[in-house]
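So, here's a batch of structures to check.
Okay, so chain A shows up in both of these, paired with chain B first and chain C after.
This part shows the complex of A and B:
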């Protein structure tokens, strides 16, 4: 006999890292309806950027949108502002931006994988991944000076250079991290118990991804080749440093995990190439102009496409700053993905979607 | 970025004519309060052409009801609900309380205050 239940989840829940509320309508164990509320952490950042801060300060304000992908926000905004100002930044600054973006991807993907393991009931695996992730956090601190809110990109370039010692430490720690991740990759690929929770669970196909306009590893795991890094060669030289698009086909939790691992291995390759080919040049290109007109900028953050629209009116304060974070694009897909799933699969599916509500609500 | 300005009453039809689900990725909807009217923008990228971004833009009064794109873009309701919350300009089918709490102190933070 069917029994219909409505089960609330969140806004505070053990499986959630940030406040998010779902209402699942279930027929026995099967989810037949989903409702979501993402509006718990709106902080008025877009309004502050267009009223209280000058455009040069905004790159540091948008870094506060999110602790995890702070680098993506500061870089995407800086690129939009540079477009408006007609600034051509040095190749060295571009290389340093790529370096921190990829370090950021490493720590963010590792957090997601750790959380996916935890929500599947593998506490030991969670702790092992978090231990390994610490290396990427230490490297970010070494390069940027901070563990979170990195404030690395600024309008015109970057705020800090790397020394020979930092370069050596990066090479040493990344080699160790790469070896550790190869072991973890084998666990995620071949562990039978994990595959029960991951394979064929929480899947969307390519057509659904396109219809729902999903982005990031969620889209690539379903075979949709969408990655802003392949689109924005004019902003950062991705091809030159060895970027490769990672695509899987099955669109389930397993495929999302595999995409993240493969992207991290590509990040190691990119960082090695960046360090090997680091050009000479200025850290910051200066200008005294004020932004006028409108510009957009896109950047592949760890969770997918991050989009900035800015409009300037030849004063130091911008007229409009619009931020569209990757999780915001994926909200419609989140709702579809749970339909037809067992309620017990919700935690690992949710973790594999890697939601960032801080970015979404801003 | 390619900018296409369309009359308000033709915005839905023009975007529908342009949009191809297999070709275009809907990025977001945006608004700018110009003081006496609103500028409404819709952004699209192209899966097939790297770096290609198209912006549709139109102008509207605060009292107008903006047509929803949800009938042909399944995910459009997310950005439309956010727009309604932040600007308090109505969009067909959009509900309040998606990004802001229903009892939020400022119920339209991006609307210019008189």
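This part shows the complex of A and C:
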């Protein structure tokens, strides 16, 4: 006998990292309809950036949009503001930005993988990943001065330099983290229990990804090779520091985990290259001009393409700041991905999508 | 088999967690902590106040023109913009000390808003007084000039 049930999930739920509300319509165990509400953490940051704060201060305000990709927001905004001001920042500042963005990618991806393991019911793996992740958090604290709010990029460059001591510590801790990750990679690839919950679950194909406009690891796991790092060489020299596109084909939870792991291994290479080839130069390029005109900037945050649009009117306060976060682009895919799945698969799928609602609702 | 041996080995290993607050947690020297102000070096240019994104610094001014620095550790976001804006080396420095947690008794919002309001009003009163004094001086000068002209 077929029975239709409506099951609400969120906005507060044990399997959710962030306030997100889903309403699943299920026929027995199968999900047939999904409704999502993503606007629980709206804080009016865009308006605050365009009314209360001067354009130099805005890079610190947008860093508070998200706790996981703070550096992506500050860097994307700073790049847009630099375009408006016609500033050409030093190569050293660009390298330091890449360093922190990649360290941030490590800790963000590890958090996502840890929660995917936890939502699957593998608590021990969750704890193991969170323990290993601590190394990346400590490195971020060492380089930027804070675990979460990095405040590293500012309009014109970066706020602080790295010393030889920091470099040594980075090399030492990253080597340890890399061996830890190789062990975890093995578990995610070969563990039979995990494969039952991951392989073939929550899959989207390349055609659907393109139709739904999904970005980030979600798209790359389904064989769609899109990454801002591969097509914006003008803002940050990604190819020079050894960036490689990581693509998987199956598009399920398993593929998304593997894409994240492979990206993290690529991050180690990038960080190594950045440290080895660190050029000389100024940290900050100063200017006294006010922003005038319009500019956009794109950056690959851990979750996908982050987009900033800013408009200045030759006063210290901007006229408009528009933030489009990667999760916002992925919401349509979230809804589609659940259709036809078992209700019990919802937590691992949701964690593997790595939703960031603070970014989305701003 | 290796996993099993590892699991057995874990029984004899020390915990990965830190027994905070009985043991210190990881805190690098580069930690961005409290801002320290040195009144003997400060040139009272108020550039830090203008630069501060959340408005955690405000300068008050007494009627004799003497300025005082007020800083709210709970409003501060520890970004270090004030230190970078400071033209005098050493007048503002960022330490690696953590701020104390806030308690209800501190009434931070209420008292801080009061301090800001008072500081701004004090500065306005001082500026008005200065304008008044300047106007009086100008008037006296004009009167003197007029008197001198009359004499001629």
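Odds and ends about this structure:
The definition used in the following text is that the second predicted complex is superposed on the first by the 362 of 362 C-alpha atoms of A that agree within 3 Å, B and C clash if a C-alpha of one lies under 4 Å from a C-alpha of the other, contacts with A are read in each partner's own complex, and residues count from 1 in each chain.
Note that a residue touches a chain if its C-beta (ideal position, glycine included) is under 8 Å from a C-beta of that chain, and two chains touch if they have at least 3 such contacts.
A quick note: this is a predicted structure, and the numbers were derived from the prediction, not measured.
Room for both chain B and chain C is found when the two structures are superposed via chain A, with no clash between them.
In the superposition on chain A, A:331 contacts chain B only, with no contact to chain C.
In the overlay built on the shared chain, the residue A:56 is in contact with chain C alone; chain B does not reach it. Annotation for chain A, partner touching more residues between chain B and chain C: B. The superposition places the C-alpha centres of chain B and chain C at an angle of 90 degrees about the C-alpha centre of chain A, rounded in steps of 10.
In the superposition on chain A, no contact is made by A:148 with either chain B or chain C. Residue contacts after overlaying the shared chain place A:47 against chain B, while chain C stays out of touching range.
By the touch criterion defined above, A:17 lies against neither chain B nor chain C after alignment on the C-alpha atoms of chain A.
When both complexes are overlaid on chain A, the residue A:32 reaches neither chain B nor chain C.
Here the smallest spacing between CA atoms of chain B and those of chain C, following superposition, is 21 Å. Within the complex formed with chain C, the chain A residues making contact are 53, 56-57, 60-61, 64, 131, 138, 141-146, 149, 151, 154, 159-160, 166, 284. Residue ranges of chain A in contact with chain B, taken from their complex: 37-40, 42, 44, 46-47, 210-215, 224-226, 230-234, 295-296, 298, 305, 307, 309, 311, 319-320, 322, 324, 328-329, 331-333, 361.
Chain B contributes residues 1, 21-22, 25-28, 30, 32, 41, 43, 45, 47, 50-51, 53, 55, 73-75, 77-79, 82, 85-86, 97-101, 104, 106, 109-110 to its touches with chain A in the complex. Within the complex formed with chain A, the residues of chain C that make contact are 16, 26, 28, 30-32, 51, 53, 77-81, 84.
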